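Dropping the structures in below, format is structure tokens.
In what follows, chain A forms one complex with chain B and a second complex with chain C.
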Partner chain A sequence: MSYLQIEQLTKSYAKQTILQNINLNLNQGEFLALLGPSGSGKSTILKLLAGIEAPDAGEIRLAGHLLNPVAAHQREIVLLFQQPYLFPFLSVAENIGFGLKARKVAKKLIAQKVAELLDLIELSGMEQRKPQQLSGGQQQRIALARALAVQPKVLLLDEPLSSLDPEIRGSLQGVIARLHRELQMTTIIVTHDLSEALALAERTALLINGSLVADLPSIELFERPPNRAAAQFVGVGAIIAGHMHGTTFDSKLGQFNGNFGPNTFHVAIRPEHIQINNSALQPSIAAQIIERRYLGERWEYRLQAAEQLIVVREAGQAPRDIGQTVDLHFPPQQLFALAD
Partner chain B sequence: MAKSRRWLGLAPASIIMLGLFGGSLGYGIAQSLGWLPFLGQRQLSLAAYRNVLAGEQLGGQWWQALLFSLWVSLAATLGSALICLGLLSSIAERQQQYRGLSTISNLHLAIPHSVWAMALLLVLSQSGIFARIGFALGWLDQPSDFPVLVRDRWGIGIIVAYITKEVPFLLLMGLASLRQQGREYLLVAQSLGANRWQRVRLVLWPLLAPSLIGGSLLVFSFIFGAYEVPALVGVRYPEMLATMALELFLNPDLHARAEGMAVSLLMSLIILLVIGLAWRWRRAEQQP
Partner chain C sequence: MSYRSIVWVLALILLVPIAVFLIYAFAQGWFFPALWPERWDRALFLRQLADPQLRRAFGQSLVIATGVSGLALMLGYPAARVLELQAFRGRGLIYGLFFLPTVVPSVATGIGLNIVFLRLGLAGTLFGVMLVHLIPVLPYVVLTLGSSLARYDRNYELQAAVLGASPWFVFWRVSVPMLLPSLVVAGVLAFLISWSQYVLSLLIGGGQIITLPMLLFSAASGGNQSLIASLSLIFIAPLLLLLGLVARYLGSPATGATPRP
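Up next, the complex of A and B:
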């Protein structure tokens, strides 16, 4: 039995359905990313788990116990918000010890725990500072320490890094990953950033328009998204429409060999797996470059072939010219079927 | 250079303010010291203060009025602050209710104190609406059996009038603090395991304290110095200091103006003293 079970969770606001029949299971100590565009209902799931909002239907169970009737402050599930929301009238130490004080833990033990956590987040010596005296990254670390202080059964992170600079975000991702490795706390992070989900979580659930469209190991979701909605969100090189003829997939772009299954109507490939101008490889498809942009380590090209838009990412090359016609090769082993 | 320019920029407003405020204050002090040129009296003395604080006629009246004013002002201020804190505690976690409460409070603030006091008089007096309803329903043998809630010797009517008038004012100040992420802080506290009482004590109160204490000081100062509500719903004895000051000031014997001014200035000193003490207390509390 899973540690955290979410069954048929549904939530609406003012007749607008935000979540519909969400089913999710988490094992103890697992790190799950809830990925999706803005407004997809990710944060709502966290609010329902934390008990800040009540579901219209569905059940939440923790270690077998039904959580629905349990008040938020008794759930032992801590939600870390997008903003740190450190209490401005308390010092750093008092902020970290807040949850322990609410649990009536002895002052001496609170001080000990605060010192340990400050050490863990590498901010020792800042006990007496006020939140206003800290940088955004430091504030978010303190908020994380404050959440960890109460040793929650589940830690919920609601886009806690989205308001930070890229450099600080990277360093805090490292802190979160390290803390999860060391503490093995069951954690769910909400993010709209695929790279963040890949960097932190071993498993990612993709939510679009209030429905769960994928729930897979993070790398698998990135490499081989299972359906069109997931493929469009994670970004693939091409989604090719067609139909199966035996072991061949027929499309406007040509025929592709592969055992995609009898009811396959779409196949896809990642943009970095499409090869350009390698004449030794057949079959090849002629396509015209219509746009290009530099991504840092790779060039990304948008190409047109038989009314199909194709995205290709190519590393370590001088840029190709816009308007140039090139041959594209889709390695059969890199093509995968998409469910509708 | 930049500093002197800044002062120069402020000079027109400062001169007008100092001229008007300082001029009237100076004239008031002079009158309280017996400088009444319209009576040919130009010699300065502390006679008016002696009369007010220890005079045979006014001395007793002053101390009685002082105690009564302090009682009414403190009771109305504390009552308003506690009701405001209770109301804010009950809606703090329901942000959708902020706007409604704010609208009601704003509308209520637009009603002048004198109009509100008269309305209370119509409702709560022994010949008022409640008394008549009670009599019509058979709960009272006579409308005059209705409890004395206005024009009573304990100042209940004045206190009720001020509480019902000042709660919306304090609510608006508190709501302004809550709107600055107040709900989020409460959600964080809830998520960290704080129960409802702990959230009020450990989060809501520290968030609201600066605005509520500041607002309460304003309310105290206003009630302590205001005249119209005690005049409408109070009794002649005991009376509040503001009523006493005005009566002295309007006395046909113009010599009483010095005492009237002395009472007004002593009231101002008491208000300054209360504000000073509150300020020191807040500072001491904020020290780590």
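Up next, the complex of A and C:
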């Protein structure tokens, strides 16, 4: 049985459905990313889990116990918001010790725990500072330490890095990954950034318009998105419409052989798997380059073939010219079927 | 005119009456053509301070104003919270109702309530006077707290709750410190308004409860300027002391942020 179970979770605000029948299970110590565009309802899931909002329907269980009737302060699930929300009238040490003080832990033990945590987040010696004297990244680290101080059963992170500079974001990602490795705390991070999900979480659940469209190992979601919605979100080279004819997939771009099911109506391929002007490979598709941009390490081209938009990413190389017609080749083993 | 000179002019307008009170309270034998009093004397002022009737009135005023501040905060805080932090139908109307007492003359409410309070056995009691003081006091308390709650980020409280703080702990350890400046300002306003109530105290106190403004009023109609001045000084002294104590909160607008230490 899973450690954290979410069953048929549903929530709406003012007649607008935010979440619809969400099912999610987490094992103890697992790190899950909840990925989705803004407004997809991912933060709402965290609020329902933390107990600061109530679901319209559905159940949340932790280690088998139903959490729905348990008040937020008794759930032992800590939510870290996008803003650090450090209490401005308390010192750094008092902030980190806040949850312990609420639990009436002895002063001496709190001081000891605070010192330990400051060491863990590499901010030792900051005990007596006020939050206003810290940088944004430091504040977020203190907020993380404050959450860890109470040893929550589940740690929820609501885009805690999105308001920080890219450089600090990267280093804090490292801090979060390290803390998870060391503490093995069951963690859910909400993010709209695919690279953040890939960098941190072994598993990613993709939420679009209040519904879960994928729940897979992060790398698999990236390399082989299971359906059209997921493929559109993570970005693929082409989503090709067609139908099965025996064992081949018939489309405007031609016929493709692959290991597709009988009811396949869309296939896709990653942009870095499409090859340009490789005469050794057949069949090939003629396409015209309409746009290009440099991503660093790779060039990205947008091409058109039979009214189909195709994105290709090619490593190294001098750029190809816009307007040029090239031959594209789709290696059959890289094509995968998309569910609708 | 520069900001600084405006401040000086305002300070002068506020300080001159106090200076006049001081002169009148301690001047002796000051008659028409003389520009300055013949001599200074503390005797009258000290006699006033020792007067048992005045001491009693002072004490009762103090108890009433302190009690009214406490009651007003206890009632005004939840009211302001609901009005500012929850969206509901008729919110504007209810907000408006809270301000009605500021437009209705207190004689009208006082006479009406006098009958009700007599029936309830509240007329002539300290508690009755405190209750009736809440009528002019609450609008200002709700307005002061409401304006800072409008800019208050409730997520601080939610953050505290998920960290394991009970609602009571959240209230005392998060909400109160976050809103301290406006709670102090609201409490001081409540004290000031209650302290200077005359009509309502008279109507509900029914002669049983004597407050400082009543003594001041009767002295004022008596026309003894030295007496009026010393009573006035005694009347404003606690207010000046109170304002001095909370001055650091008055300077910062009620944003919900705590002043830096």
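What we mean here is this: the second predicted complex is superposed on the first by the 340 of 340 C-alpha atoms of A that agree within 3 Å, B and C clash if a C-alpha of one lies under 4 Å from a C-alpha of the other, contacts with A are read in each partner's own complex, and residues count from 1 in each chain.
In the analysis below, contacts are C-beta pairs under 8 Å (C-beta built on N, C-alpha and C of every residue); 3 or more make two chains touch, one makes a residue touch a chain.
Keep in mind it's a predicted model, so treat the numbers as computed, not measured.
S.K.: On chain A, do chain B and chain C fit together or clash when superposed?
M.R.: Superposition result for chain B and chain C: clash.
S.K.: Scan A:50 for contacts with chain B and chain C and give back first, second, both or neither.
M.R.: The answer is both, since A:50 touches chain B and chain C.
S.K.: Quick one: is A:91 in contact with chain B, with chain C, with both, or with neither? Answer first, second, both or neither.
M.R.: The answer is first: A:91 touches chain B but not chain C.
S.K.: Scan A:103 for contacts with chain B and chain C and give back first, second, both or neither.
M.R.: both
S.K.: What is the contact status of A:128 with respect to chain B (first) and chain C (second): first, second, both, or neither?
M.R.: Once the two structures are laid over each other on A, A:128 reaches chain B alone.
S.K.: With the two structures laid over each other on chain A, which partner does A:146 touch: chain B (first), chain C (second), both, or neither?
M.R.: After superposition on chain A, A:146 lies in contact with both partners, chain B and chain C.
S.K.: Between chain B (first) and chain C (second), which, if any, makes contact with A:3: first, second, both or neither?
M.R.: In the superposed model, A:3 contacts neither chain B nor chain C.
S.K.: With the two structures laid over each other on chain A, which partner does A:265 touch: chain B (first), chain C (second), both, or neither?
M.R.: In the superposed model, A:265 contacts neither chain B nor chain C.
S.K.: Quick one: is A:73 in contact with chain B, with chain C, with both, or with neither? Answer first, second, both or neither.
M.R.: The answer is both, since A:73 touches chain B and chain C.
S.K.: Quick check on my understanding: which residues of chain A belong to both its chain B contact set and its chain C contact set?
M.R.: In chain A, residues 50-52, 72-74, 76-79, 81, 83, 85, 87, 89, 98-99, 101-103, 146-147, 150 are touched by chain B and also by chain C.
S.K.: Quick check: in the complex, which residue numbers of chain A touch chain C?
M.R.: 50-52, 71-79, 81, 83, 85, 87-89, 98-99, 101-103, 132, 146-147, 150
S.K.: In their complex, what parts of chain C are in touch with chain A?
M.R.: Contact set of chain C toward chain A: 153, 155-156, 158-167, 169-170, 173-174, 177-178, 180, 257-258, 260.
S.K.: So in the complex, which bits of chain B are touching chain A?
M.R.: Going by the criterion above, the answer is residues 181, 184-185, 187-195, 198, 202-203, 206-207, 288.
S.K.: Tell me, which parts of chain A touch chain B in their complex?
M.R.: Residues of chain A touching chain B: 50-52, 72-74, 76-79, 81, 83, 85, 87, 89-91, 98-99, 101-103, 128, 146-147, 150.
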